[in-house]
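Going in written order, the chains are labelled A, B, C and D, and every chain counts its residues from 1.
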């Protein structure tokens, strides 16, 4: 849970209302791995009050990145950061995506704010065969992020309005992709809950394992406040997204009670 | 009480931690006169919550100005405004400094945040004889504002540490000035309460009239909330700084109960 | 055409958004500059038996997302109110409701009876009985936190007027629903809540409370969730309309109150930030209602899905 | 050398700044990363008779300058608390105070007796009795707003332990001083206040309260003036020490509480914003004391000039 002041290195729009923030990463903090997140404190006036969690979209050497959706007070403020500005960060936090089972093709599915962590994972998994398949969905072409993807990753995109890539949801595209992918497959999903749930249902139908990265409003982000609970399957079982997650096995999540 | 969105024209440091903000003034709003003030809404997050009052330091054509001390949340935010930025302003508000009695030499005394309105008055009174005498005080040289003063104004400065101008308080300087000023004199003061009070005492001793511009925390700024009261002399008499003031005859103010 | 018109004691208000007592004076301060016809109701600064100078100064101080005040019911008193303010109300393009404060139950009734008698043309639409001011020694929170005193006060005032009668509740109590029920039992046509929350700010440099009275009343966004919770509970405890307020700055805040069970709302501190806000909010609430397919105030209440 | 060491029930704490129950877990979450030796006291998440899963989700939502929570006392229960948490406390470089919650008075005493019996080495410095949680059906605000129940609960717990006993008060009452006096009469060594303020946030898009339970407890800067007022009043009503909290984000906020009459303070929601804050604040308060020529906690109290 290192806490430190990082420096903004770059802050650029990568899709409509989506930005990538690159910032310095101190060398003695643990190196973030895909699936982990950080929290950012925005301002000091009490509004917004809480630190905001964001997944890492990259981390290498003394540099780390996140991709964020400009949607509310905190993210609007972050969108105004300039190179050189100080940011108060805490991380890396949470558990990482597990490695795929040997020989399984990792199929990665991202929508909305899920692009960051999934991209990080795709670039990490590109180092070894079988190479990952990356599916990114958006409402329309302008929602698709302009980001750096390792050449070994097979990237396909889907848009709801058909303005780019496959015309349909990214889960429809996943369905098609599974049909044409030989051998073992393992799914990794991050995005809005309905997308995660549809991915889980599909995985269950195909009998393939799926990992999902979940969201919940956070207080402490380190497991102390019990604020970020989600329901797991089973009787009255809860898990903390910040420490038991954010990555969960999709069969552990109680999809009826989100 | 016109309310409108003005545009920042310039925003420049004029002394250590003091800035002058120039902004557009819509032509159908009343022309601000010396002593009047405006209120500015800063941000929209609820912190800071209230509009902040500032005296006009100038107004001509479609341009108006204020000089402000960067001291807290709101003024720090204002110091960050760039030319072209929108600002939500309400004004002109309050009563103006009265004209000096015919033939009387207006002696104007400013300290701290009082510089703006006194400067505005000095430049306005420079249009006719007898020309005003303007005394500006600060802790040290770097607190003295670099501002445009009409050539007909006799300007003298005082610093507590003697680093520029007269070595002493601006009230000491006033005392000296009164000694050497022939004929009728009328005082106009704006600045911290202890300065105003010392000016009032001096005026009383010399039997000359003095006008003071007072401050009080404001809610509505238009006379509706009774929040900005100060004590006047007499039994349980209060006056609203926003509408009965901010300019008061110094003998009307209850200096014991500020 | 949709009719979001609160009905209180058989009379209708033009829309759901009022401007709260103490934050809009007597309207005259704004009349020349703003079109007040878009306001549902103007609640006057409190009127009392005798003129009151108000509390020592300073009277207001900002807190995190809030405002703490200790005005102390500064007002001209019922007689000058009738002479100086009433005539203006007759021509006001919105309903004017007199907020009435007093030291003890009988005095409330006396002030209301006096106003009623001196307002034959009905410039006053109705009354809001302030048994919830935290900044006075008598008749404020002390009275308003005692259910039987609230009931007795309401009953006395009820006999003094036939006009709509609203009782304004304090949140500084263990169980606000109990006080609301007492007001209902006493014959109130509606209850309004919340008045300000007791708070204190200390100036650590000057080593004393900023407000000479020590404590003051907290308003503004900081208390929004406190007000919404109060309205949610009170509206489930009484069958008369509930007028909600506390921290409303945006249309979304207002809709929270309406969904929570309010039949009308009031905007207080927000007027200081933007005096045009009530009119704009009234229009935006209409638009929300149209989009949500809501065509009555009750429709707002039933939008809320039952919790837990 | 100055000694700002609160003495509660005859025992001394290292400094005036504690971390509030529910906002710092059991310390273990922070231990590896922060030096906890600068913290005056760590108040644990509430411990109950049986494990509690906590309330339905989501459990927290931000409000203007505040945080509304409905955690529902999620905790492992007294038995696992003793097995899993206690051993860690013994080596903790700061005092650990167990925050205890229960459904009824006897159960509070039973949990405390159990902890006492199973902690022969005294890893627990003392107890804070939470009769003020707004997010449970039994034993929370309902119990804590009833003076005689608070007195009875305190008395029962008092017989169960000789360690310092703090009773934590709710602000959701008409007169908090009455409840504080009941705790004192029951044998409390100190009272702490305030727990959270009841509030509600409605998600107007989803048309339901954000928290499935409907209401939750409001904390954070929004409630700062409410807490300061409570401490000011309570400290003038009882002669045992008062531990102040509610909305403390800065050292100046903490000093407001100390001047208002608190003998110690707790930092809650602010830990989420910056977990290092308590340690820093403790050092800054020492520095303030030196500058102000204050050499004891009582010195802070007498800094405040009498108001009005």
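Quick notes
One rule holds for everything that comes next: a contact is a pair of C-beta atoms (placed from the backbone, for glycine too) under 8 Å apart; a residue touches a chain by one contact, two chains touch by 3 or more.
Small disclaimer: the values here were computed from a predicted structure and weren't measured.
In this assembly, B is the chain whose CA centroid lies farthest from the centroid of chain D.
With centres defined as mean CA coordinates, chain C is found 36 Å away from chain B. For the pair chain A and chain C, the distance between C-alpha centroids works out to 47 Å. Shown for chain C are the residues that touch two or more other chains, namely 56, 64-66, 220-222, 249. Residue positions of chain A with contacts to 2 or more other chains are 46-48. Taken as a contact graph, the chains are fully connected, with every chain touching every other chain. Of all residues in chain B, only 45-48, 73 touch chain A in the complex they form.
Of all the residues in chain C, the ones that touch chain B in their complex are 22-26, 29-30, 32-33, 45, 53-54, 56-62, 64-67, 69, 71, 74-75, 220-222, 249, 269, 271-276.
Contact residues on chain A toward chain C in their complex (touch as defined above): 46-47. On chain D, the positions that touch chain C within their shared complex are 56, 63-66, 68, 145, 172-175, 197-202, 204, 207-209, 211-216, 218, 220-226, 228-229, 232, 247, 249, 252, 255-256, 259-260, 303-305, 307-308. By the touch rule above, chain C contacts chain A in their complex via residues 64-65.
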